[in-house]
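You will see two complexes here that share subunit A, one where it goes with subunit B and one where it goes with subunit C.
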Partner chain A sequence: MPLSTQSQTDDAQYILVASLDNARNISNILKAITFKDHAIFSATPNGLKVTVEDSKCLQANAFIQADIFQEFTIKEDSVGFQVNLTVLLDCLTIFGGSTVPGVSTALRMCYMGYGYPLTLFLEEGGVVTVCKINTQEPEEPIDFDFCSSNVTNKVILQSESLKEAFSELDMTSEVLQITMSPNQPYFRLSTFGNSGNAHYDYPKDSDMMELFQCTKTQINRYKMSLLKSSTKALALSCKVSVRTDSRGFLSLQYLVRNNDGQICFVEYYCCPDEEVGDD
Partner chain B sequence: KVTWRIFKKSIENQQVFICRLNEACVCVCVCVCVCFSTCQGHSFPFEDRGRVVPRTTGRWADPPDCELLAFGLRLLPIRSTFLQQSVQAVFRSLATLEKTVEKCHIELDADRNRLTFTLHCKHGLLKTHNLSFQDSESLQAVFDKDSSTNVLKAQPRVLTDTVLNFPPSLDEVTVTVSDERVWFRNHVDQEAEPSKAMLTELCLSSDEFDHFEVRARSSVTFCLKELRGLLVFAESTGLPVSMYFDKPGSPVVLSVTDSVLDGNFVLATLSDESGVQTSDRTGTPAPPADDFMNDELESYLIAMDTSMAAGPSVPAPLAPGRVVSPTATPDPWSPAHSEPGEDLTEEEEEPGRPPNKKFRSLFFGSVYPPGSPLGGHTPSSQKVLASDSEDDG
Partner chain C sequence: MAVERLEEGLTFNPSPILLQDQSQVRAGGVVTTISKLTKTCVLRLTPDNLYFVLSGKVDNGGVGMWCELSQAKFFDEFQLEGVSAEANEICLELAPDNLSRALKTAQNAKTVKIKLTKKHCPCLTIAAELPTMSSASRVVTHDIPVDVIPKRLWNDFKEPSMPDFDVSIYMPPLKIMKNVVDRMKNLSNFLVIEANMNGEMNLKIETDLVSVATHFRDLGNPPWAGGDGSQAGANSQRDPEAMVQARVDVRKLQQFLMGQQFNPSKAMCNIVQNTIIHLILLYEDVSLQYFIPAVA
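Let's look at the complex of A and B:
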């Protein structure tokens, strides 16, 4: 393979080298968090974390574990850079992102360090494309300070049932209200749109509900415009964990299984819109 | 009788939309009236608006009913109606509705002007849609399909294959019945240039129908779109479609019925009268004589051909206003529509124009001398689309 022969010589210069037989395994996940152009990449020996933020109120993290890659070499404890995610995705799908079985784009992603571009070697059917994407000064991701010890309510659902609800959500509603409670209605999504309001109630004993751990009734509203961007990740995922902490911050964790059966996570944090009383 | 209604008037196109639900009937009306009723034991739970019933605790509608209801609501032709959109949003995807909804509960809270749809879905998911609405003036389609003079019943496939021959852009179709045959033909707009209009006609024998009952030869013109919509539904459920109609101007009722549900689509038909006669609705003429039995198709086609050429120069054969129907029963539509123009939402004839459709004079004018008597039938100012040799003899 052209990629492997070529890389041997250059490897020494790079502080990060990650290769993947099928670029779609990473491009699919990155697509799910592409609601803003700029993405902060931070690599550790465990893998790659890609962070996208919106309005200082929403943060999406895609975790791509090191073992997803066929090769993942990192020479420092942590490597960080920022690139334009849209450009990166365009490069990853430069061969058209074909979905024909047996045809895949091999990827080798290399980074030489601060100030250098992110270099992608892409190969499909013997054709190699080299893309160099200029990196930017990495910004510090917002720390939402969401720790599991502060989680008051948590449910894990099969994504299937949420997909349907999200596809039907009344987008004229400015907010999505999430009610989580140890008592009825247990887990409720509500919208308040032009034509009236709508509620989606999930009973705690539904076979779609894998885990139901609610200790306290919480009703919080989140901007629909922010949560809407999480639907792409929802579409890819097979399970979702919905958690709220004592401040009403929302964490959505999506478990995404790729074509090879490997597991990645996409996580969203969202600030509550405002304090609301009972409705 | 009427348990509740939702009315919205759209000023722009002067069409009126009604959604009326009562114990037996869900009715949606513009020029199209869609009625759904469910048989005993399956009735929708409804609350009487007239009486003050705080909350209804009714029975549940089964999925087929929901589906039919959703289907009917989606057929509503008005785009601007706010409530309609809201209701359609509830039933956004018929495909998922069918798969996921187990029960549907519809409830009206009149005090709060709130209409609540509760869908019980698979996996215990409960969807509640609270829609607000405004009450509006009343309009009601009154019809009695059992008193119709003509009843045709056919498998949906027969009718689907028939309407397939018409271009998708065609707005109206004319159905003409004689003792043993039925003709479907495209309706040509009055304004259309006769020489450029293409005429398509299909003739079905009475054998093709499961039930064929023609007591008065007649010809009615109505919207094809609604017929197509109904046929899609009828085909998917495999239910035969019945057509009930009398005379031009009175509604045609398309209905699908099985043991659980009864869906009636009441469609306005084109009135034969021109705008000259707007004040007298009951004067709708008798069905045009239209017997074609002894004619060879060739001779008919020749007649068509010559009439096409002669068309523009042939004067309208009959003067308007001289027609009196022998069966001058009150128009069943009239309680709702006192103005005949309202019946003809898309097809209103302008006053002052020649009284009838151009193709009437086209065919009639060339085949017969104007005003020729047509057998035992009351001479009508109607379009007569086929030659009439048998009646002459």
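Let's look at the complex of A and C:
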């Protein structure tokens, strides 16, 4: 049945309805954070936040604002549930993953509340697919307690520069070390792998460096396996902000432009690797 | 030509079969499709047609295939001397992938000759005359080992009869169906395919985690559905909106869809409720039928 007749009968029962003319505007972002099976969905009148966590040390959040959607209706202050993200992505891309110019999948995502499945109506070329995905009670996302006032060092880079480094990272290194300093080397990524040590330096006056605010020299190490999960988000983004706080916690914020040129954000929080202390 | 005696009194007459100009490309396409459907199959050669056959036994997972090519549309010369005058055909078991690769080499050939030969074992020999920079040509030969199927087993490879279907419907564009089935395979091992006489087809999966239903509309039903004498009795009582369904192993349906490289001129699906689905693809010079048994 076409998506429009659905709305007349069931709309009253849904506490959340979100529609997109192009499902890719949500599936691309979700693909970037699919490093674990489960995701916590949190919707407010501002929009949708999708959270994925890994071993209590890494957290990714994708923010899709309400105005990205063609329709975004929410009947409560906050709606939350947990779903299997890989299943959700298979459903969002049910008509295929590749892009054919001029053809897009329309999406209507509906939720009736606690205990009900997440219902997706997808339509492409007159063919309609209805998916009902079971939901679970949402876990409480970890609060990394990262606040702007506690930020020690911050840089904003054009993603282009980091993409190359991240694609070449020596995966035999257990950690990725990030050095941020008001002095040389300013911003450095280091790995310590089987073939030796590698350093990627980004001087503060480089073209790629849009903002450089480092107050104190900090050298922190993060588990490579955790940070590698951020590579897809980096690939989608045009800009990235890298911040560390006094505890050495890392915040990466990616600015992503979707197919229609609208802006979404993906942010990652990561704890420093415990074996090495701060400088 | 020398005649050689093989087991069970079956003789080989190594007559050449000459492929028409460029028909080796189309033949190659058909064989490549078949090679994606199955690792081995039977090739039946009769004076009028070639058939690629899978017999639908348990060891194929119950899947059956019948692909028919009219020899006149592919070959300039076709000389066949079968087992006897009454049984003027040859039945060989082979790996279609071997044949597909040989025909790929032969794509640009000026001529392609196919012969039955006996090397260290019975072989289908493909000799392709390829152009070179000079006036001389070079010949590339492929020897494809085959197993000769004795006449007493030929019954296993007869043309399947059209099942007494409960519904017959034209298929949706195969590309769309393939994309959907590819995703459904990630979600479930089994898929329900259902259709009615109103041109509607649904593909459905259901597991503990998720249920997905894709609805195709306005597909149309072939004229024989309800028109044919034997079927009309059953179908005329049936409500055109009533769905007929069969539950199949999703990988078997996916495998069928994966092999389709070309757009058929007609694609149809017959369903016998809870028993079997019968897929028919008609191309300009080839017809392909595929049977997938239903599971409980």
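Heads up, the rule we're going with is that the second predicted complex is superposed on the first by the 272 of 279 C-alpha atoms of A that agree within 3 Å, B and C clash if a C-alpha of one lies under 4 Å from a C-alpha of the other, contacts with A are read in each partner's own complex, and residues count from 1 in each chain.
Here is the rule we use: a residue touches a chain if its C-beta (ideal position, glycine included) is under 8 Å from a C-beta of that chain, and two chains touch if they have at least 3 such contacts.
Predicted model, so just to flag it, every value in this text is computed and none were measured.
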{"item": "Overlay on subunit A: subunit C relative to subunit B, clash or fit", "value": "fit"}
{"item": "Superposed model, angle subtended at subunit A by subunit C and subunit B (C-alpha, nearest 10 degrees)", "value": "60"}
{"item": "Subunit B versus subunit C as contact partner of A:E164, first or second or both or neither", "value": "first"}
{"item": "Touching partner for A:C271 - first (subunit B), second (subunit C), both, neither", "value": "neither"}
{"item": "Touched partner set for A:G125, first subunit B, second subunit C, both or neither", "value": "second"}
{"item": "Which superposed partner A:L250 touches (first subunit B, second subunit C, both, neither)", "value": "neither"}
{"item": "Contacts of A:N134 with subunit B and subunit C, given as first, second, both or neither", "value": "second"}
{"item": "First, second, both or neither for A:D207, with subunit B first and subunit C second", "value": "first"}
{"item": "Subunit B versus subunit C as contact partner of A:C91, first or second or both or neither", "value": "second"}
{"item": "First (subunit B), second (subunit C), both or neither touched by A:N197", "value": "first"}
{"item": "Gap in Å between nearest CA atoms once subunit C and subunit B share a frame through chain A", "value": "11"}
{"item": "Subunit A positions touched by subunit B in one structure and by subunit C in the second", "value": "none"}
{"item": "Parts of subunit C lying in touch with subunit A, wherever the complex brings them together", "value": "172, 176, 179-180, 182-184, 186-187, 208-218"}
{"item": "Residue ranges of subunit A touching subunit B (in the complex, touch as defined)", "value": "161, 164-165, 167-168, 170, 194-203, 205-208"}
{"item": "Subunit A to subunit C touching residues, read off their complex", "value": "1, 84, 86-87, 90-91, 93-96, 117, 124-134"}
{"item": "Partner subunit A, residues of subunit B touching it in the complex", "value": "82-83, 85-86, 89, 92-93, 96, 100, 114-115, 123-132"}
